[in-house]
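Here come two complexes built around chain A, the first alongside chain B, the second alongside chain C.
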Partner chain A sequence: MTVKVAEEWLNICGGCEVTILDIGEPLLDLLSKLEFVHMPVLMDHKYFGQTGEKTELEIPEADVGIISGGIRNEKEKIVALEMRKKCKTLISLGSCACFGGIPALANQYSLEELYDKVYRQSKTTDSADTPSDDIPPLLDRIYALDEVIKVDVYIPGCPTTPEIVADALTSLLEGKPFTLPERSVCDDCPTKREKKAITSIKRPLESILPPGQKLEESRCFMELGYLCLGPVTKSGCGGSEKTPRCIKGVMPCRGCFGPIRAGANPMVEMMGALSSIGLDPRLIFDRPSTFQRYIGAHGRLRPLPKRP
Partner chain B sequence: MGKTIVIEPVTRIEGHAKVTIQLDDAGNVSDTRVNVVELRGFEKFCIGRPVEELPRIVTSICGVCPWSHHLASAKACDAVFGVEIPPAAKKLRQLANSIAFTEEHILHFYFLAGADFIMGPDADYSVRNVIGIAGKVPEVAKTVIRCRHLGAKMLEILSGKSIHPVAAVPGGFSKVLTSEERDMMIPMAKEVLELAKFSIDFARKNIFPQYIDAIKTLGVIKTGFLGTVKKDDGTLDLYDGVLRMMQPDGSYEDFTYEQYTDYIGEHIEPWTYMKFPYMKKAGKLSMDLNNPVGVYRTNTLARINVCDKIRTPLAQKELEEFRSEFGRPVQLTLLYNWARLIELLYNAEYAIQLLEDPEITSKDIRIPVKPRAARGIGCIEAPRGTLIHDYETDENGIVTNVNLIVGTTHNNAPINMSVKKTATDLIKDGNYDQGILNKVEMAIRAYDPCLSCATHNLDGRIAVKLDIMDASGGIIQTLQN
Partner chain C sequence: MSIDQKIDTEFEPLIIGFCCNWCAYAGADLAGISRMQYPTNVRIIRVMCSGMVHPNLVIDALTKGADGVIICGCHIGDCHYLDGNITAEKRADAIKLMLQDFGIEEERFRLEWVSASEASRFAQVMTEFTETIKKLGPSPFKS
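And now, the complex of A and B:
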C-alpha cells in the first residue's frame, strides 16, 4: 500500500526540497512506498485544474502533508489552510516553517520600510510605486506555520538533514511518532570544553583554529572567544556522524536547528551561557537578530522602537 | 476584451509564479504577463548586521544556489575589507562553485525541465515529471540520484555543510582540505564527469533531434547577453573576471564590477514584485516583441554566447560544435538546455583539474581582516546568471547599505517576452489545451528561473499563474503552480 503525500512550499528558498533529494539512493526505496499527489517543484498538478477550469484552489487529499517555508502573503495562507484541510498528518519542514527562519529577520521592519528600500532607495532601480496589480498582498509580518494552522510533526534546520527527513518519513510509514531528542549542539560537538573562556569576545575575522588542526584536539570555539549558539541550539544537523555541520566547517553555530525544547528562550539562555564562562554578552553587536537569527516569528523579532 | 488564461502555479521551476494570458475577442493573444508574487526584503534586513555575518545570511536567498550567494557575498566582503585572498583559498572556492554547478545543472536537466523532453511536452501531467522518468529509464534515474548525492557529499567534505554553506569567509576559506579528503573526492568527481559525458551524448542523440522544430521556434526572441569572462582573454569564468555585455548583433563591451551601475538599470512594473534590469546605455526598456530595447539575457546560453573559449578540453570541443551548428550569438531559447549541458561538462572537468592541483591542500587559506568604512562589490556567475552583491559598511564593519541583482532577475524581461511569443504562436482562435499551456511553461523552464532568488527583495516566490478572462475582463479559468 502506498502513502499519499502532498508537498507545498511557501515563503521559501528551496533548500528543504533539495534536502529531500539529497537523501540519495535510499530515496528510491522510499519513493516506491510514496505516491506524490501534489508537489509544485517536481510535478505539474495545478491549483485550479490542469487548464485552469476551476474557481476554487484545490489540493488533493493526502495521508501526509509536508510544508516548507513560513507564511508571508495572503496566498500562502490560503495554501496552508487547504493543506491542513486535506492532509491527515502535517509536517512542518525546516526552520522557516517551524520558526520563521532567516526571512523573519524582516519582522524587525514595517512593510513600508521594506518597500521603500526595495522600490525607492535602491542604487540601480528607477524609483516607482510598490507593485500591487494582480499580486497577493503581503501580510504584516512572517508567520511560522503553527501560528496559522495546527502542525503535527516538526523537522527543524536550515536546511534540515537528509537522514532526518528519511527517518521521519519511515516512522510515519510505520505508523510511529517522530521527534528529535532534546540535545544541544554542544552535546555532539567534538571540541574540548573547560568551562572557562581564555580571552574576551572576538568577531570571527581570522582563523578560529590553527589551519588543519583536528577538532578533537581543539578548544571549544566559544572558550576561544568566538560566539557560538551551540549551547542553546537543538542538535541533529550532523546526522549519524554527529559532529555538527558548521563546526565541521570550522565555523561557530548560528542556531539553525532552533531551540532545544519548546518554550525555551534562547535570547536569555545565551546571555547566561556567555556569562557562565566569563564572556561579556554586552560586547556582542546586534544581539537580538544574531541570537534569534532563525527564530524571528512567534513575535520574537519585532520592529524596533523609533529613536527620538 | 476576450478571455484571460491563468497558469498557476508555474511548476517544475524554483519558486512561485503565475502566467496571465489575455485573449482578444477572436481568441488570439493580445497580452501576457508573468507575475512574480513574493518579496522578501534581504536588502533591508542585511543592514545593521556585522558584514562578516552576511555570507551566512544571504545563502537563504536560495537553497538551490546557496553557494553562489555565499561566494558572491564572501567576495564582496573581501572587497569591503580590502584584501586579496590566498591562491589556495580561491581554488577551494572555485572547486565548491564547480561542484555546486554540476549539482544544479543535473537537477534542472533531469528533475525539472527534462521531463518535457523525455516524457514529451504533451504527456499527461501525472507522468510528466521525474517519477515518470524513473519509470521510463530507471537506470538513468538511479545514476542521476546517485551523482547528485555525490555532489552534496563532496561539498560536505569540503566545507561541512552543502546547503547554506559557511566555509567561504572574508579573507579566504575556513577549512583546510586534507589530502585524505582530496583522495576521497577524486573518484566521486570522476563519476560525476561520466554522468556529464553521458548526459550530453544522450541529449544529442535522443532528445535534441526529436525537438529541433520546437527549438527553432518556441519562445525565440532577439536580445543581448550578459556574462563573465576572464579579463583580457575572454575565457568562460564562473568565479571571477570582467562582465561582458553583448549586443544582439554580437558586438560587445567588457566592464569591471565597479562599473555595473553604469551598465545596468532596473525598471519596475506595477504587476509583479520582480524588477526588470535593462541595458542602461539603451536609455529605456521595451519588451515589444518586434522592437525590443535594452533587453539582455543571462544564464547558460548567455555565457556560452559571450565567452570566446572554455578552459577544459571536452567542453571546448562541445562549444566549437555548438557554434558551428548554431552560430554566435545564439537566440534560440530552448538551447539554454543544451548550453546547460556544455556547462555541466565544463564544471565536472574543472572540478577534477582543481582537485588534482597540489595547491588545493595548502594550509595557507585565510588572512585576517579588519573592519573599516568601505564599499565592496562581489560578482560571480550563478547558474542562473550574473550575481551582484554590493555592500557598504561603517568604520565598525556594520552594514549600512546593500544592493543585490540576481541571475533570474536579469531574465525577467526575456522570460516575459518568451512567454508572450510562445502563447501568441500557439493559442489561436481561442483553442488551447494542457499541452499548449505546458509549452508556455517550457519557455519559462528553459531559463531555469529561480524565483526565490529573484524575489530576494521581499518574499521569495515567482508565481506563474495563467488567468483566462472573458471579454469583460472576468476570469474564466486559472492555471497556476
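And now, the complex of A and C:
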C-alpha cells in the first residue's frame, strides 16, 4: 500500500524542496512507498482544476502533508488551511515553516514602512504606487505555520538536512512519532571549550582556522571572538555524523535549527552565554536580528515602539 | 447596569516584585505589620537573594503580561551571602540592555535596596514605582 503525500510551498526560496531530492539513495526505497498527489514544485497540478473549471480551491486528500515556508499573504493562508483539511499528518519543513525564517526579519517593520522602502525610498528603483491588482494582499506580518494551523511534525533547518527528512518520513511510514532531541549545537561541537574568550568580537570574514589545523584542535569559535549561535540552537543538522554542518565548514552556527526547547528565549540566553565567557554584547550590531535571524515569527521580532 | 456599559477605570498595572528573603521581604513584612499603606499592584515573589533573579525571569515577566518588575535586595555590603546584591547590580545593567532590544521602556525595571528595618522606605519605593508605571501605561507586549 502506498502512502499519499501532498507537498506545498508557501513563502520560501525552494531550498527545502531541493533537500527532499537531495536525500539520495534512501529516496529510491522511500519512493516505492510514497505517491505524490500534489506538489507544485514538481507536478503540474492546479488549484482550481486542470482547466480552471472549479470555483473553489482544491487539494487532493493525502495521508501526509508537507508544507515548507511561512505564511506571508492571504493566498498562502488559504492554501495552508486547505492542506490542513485534506492531510492527516502535517509536516512543517524548514525554518520558514517552523519559525518564520529569514523573511520574518521583516516583522520588525510595519507594512507601510516596507512598502515605502521597497516602492518609494529604494535608490535603485523608480518610485511607484504599491501594486494591488491581481495579487493577493500581504498579511500584517509573517506567520509561522503553527500560528495558523496545527502542525504534527517539525523539521527545522535552512535548508534542512536530507537525513532528517528521510528519518521523519520513515518514522511516519512505520507509525512512530518523530522528534529531534533537545540538544544544543555545542553538545555536538568538536571544538575545545575553555570558558574564557581570548579576544574581542570579530567578524567571520577572515579564516577562522589557520590552514592545516584540524577542527578538533581548535578552540571554541566564540572564544576566538566569532559570534556563534551554537549555545542557543537545537542540534541535529549534522545528521548521523553529529558534527554540525556550519562548524564542519569552519563557520560559526547561525541558528537555523531554532530554539532548543519550546518557550526558550534565545536572545536572553545568548546574552548570558556571551557575558559568561567575557565578551561584551554591546559590541554586536543589531542584536535582535542577529540572535533571532531565523525565528522572527511567533511575535519574537516586532516593530519597536516609537519613544517620544 | 448592563455588562456592555463601559466602566471608566484607571489603568491598574501589574507589577512583579522580587524580594530577597533576608532584607527586602522582611522589610515588606514589617511594612505590613506596621500597617503602612502602599498600592496593591505589587505582587511580591520571595527569593533567597536578589542575585539569584536571572534576567530570563525579568524578561519573561515583562513579555508575558507584567507591566513592571522591581527587584529588591539588601544594601551593598549587607548581603546575607556577602556579594549576591553585587551580582544583582551587574545583572541589572544586562537587563536594561535586553529591554532596549525587546523594545520595552527601561523605566519598567528597577533595582532597589531595602533593609529589614526600612518598612517606610519599602512602602515609598512601591508607591513611587507604581506611579511611574501608571504614567507609562500598559506594557507594549500586552496588546
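What we mean here is this: the second predicted complex is superposed on the first by the 303 of 308 C-alpha atoms of A that agree within 3 Å, B and C clash if a C-alpha of one lies under 4 Å from a C-alpha of the other, contacts with A are read in each partner's own complex, and residues count from 1 in each chain.
Following the convention adopted for this analysis, a residue touches a chain if its C-beta (ideal position, glycine included) is under 8 Å from a C-beta of that chain, and two chains touch if they have at least 3 such contacts.
The model shown is predicted, which means the values in this text are computed figures rather than measured ones.
Participant: Per the contact definition in the header, classify A:R302: touching chain B only (first), chain C only (second), both, or neither.
Facilitator: After superposing on A, A:R302 lies in contact with chain C but is clear of chain B.
Participant: Is A:G236 touching the first partner chain B, the second partner chain C, both, or neither of them?
Facilitator: neither
Participant: Is A:K75 in contact with chain B, with chain C, with both, or with neither (first, second, both, neither)?
Facilitator: After superposing on A, A:K75 lies in contact with chain B but is clear of chain C.
Participant: Is A:P156 touching the first partner chain B, the second partner chain C, both, or neither of them?
Facilitator: After superposition on chain A, A:P156 lies in contact with neither partner.
Participant: Touch check for A:L28: first (chain B), second (chain C), both, or neither?
Facilitator: A:L28: touches chain B, not chain C.
Participant: Which partner does A:R254 contact after superposing on A: first (chain B), second (chain C), both, neither?
Facilitator: first
Participant: Contacts for A:E269 in the overlay, against chain B (first) and chain C (second): which applies, first, second, both or neither?
Facilitator: A:E269 sits against chain C, while chain B stays out of touch.
Participant: Applying the document's definition of touching, compare chain B and chain C: which contacts more of chain A?
Facilitator: B
Participant: One more residue to check, A:R282. First (chain B), second (chain C), both or neither?
Facilitator: In the superposition, A:R282 touches chain C alone.
Participant: Please name which positions on chain C make contact with chain A in the complex.
Facilitator: 54-56, 59-60, 94, 97-98, 101-103, 105, 140
Participant: Enumerate the contact residues on chain A facing chain C in the complex.
Facilitator: Contact set of chain A toward chain C: 265, 267-269, 271-272, 275, 281-282, 287-288, 302-305, 307.
Participant: Per the contact definition, I'd like the list of chain A residues that touch chain B in the complex.
Facilitator: 9, 11-19, 21-25, 27-28, 31, 36, 40-55, 69, 72-73, 75, 101-103, 105-106, 108-109, 113-115, 117-119, 122-129, 131-136, 138, 158-159, 162, 203-208, 211-212, 237, 245-251, 254, 256, 285-286, 289-290, 293
Participant: Quick check on the complex: what are the chain B residues that touch chain A?
Facilitator: Going through chain B, the ones touching chain A are 5-9, 11-12, 14-16, 20, 33, 35-41, 43-45, 47-50, 52-53, 56-57, 60-64, 66, 107, 111-112, 125-126, 128-131, 134, 141-142, 145-146, 148-149, 152, 156, 159-167, 169-171, 174-176, 178, 260-261, 264-273, 275, 277, 363-371, 390, 396-398, 401, 403, 405, 432-434, 437-438, 441, 450, 452, 457-461, 463, 466-468, 477-481.
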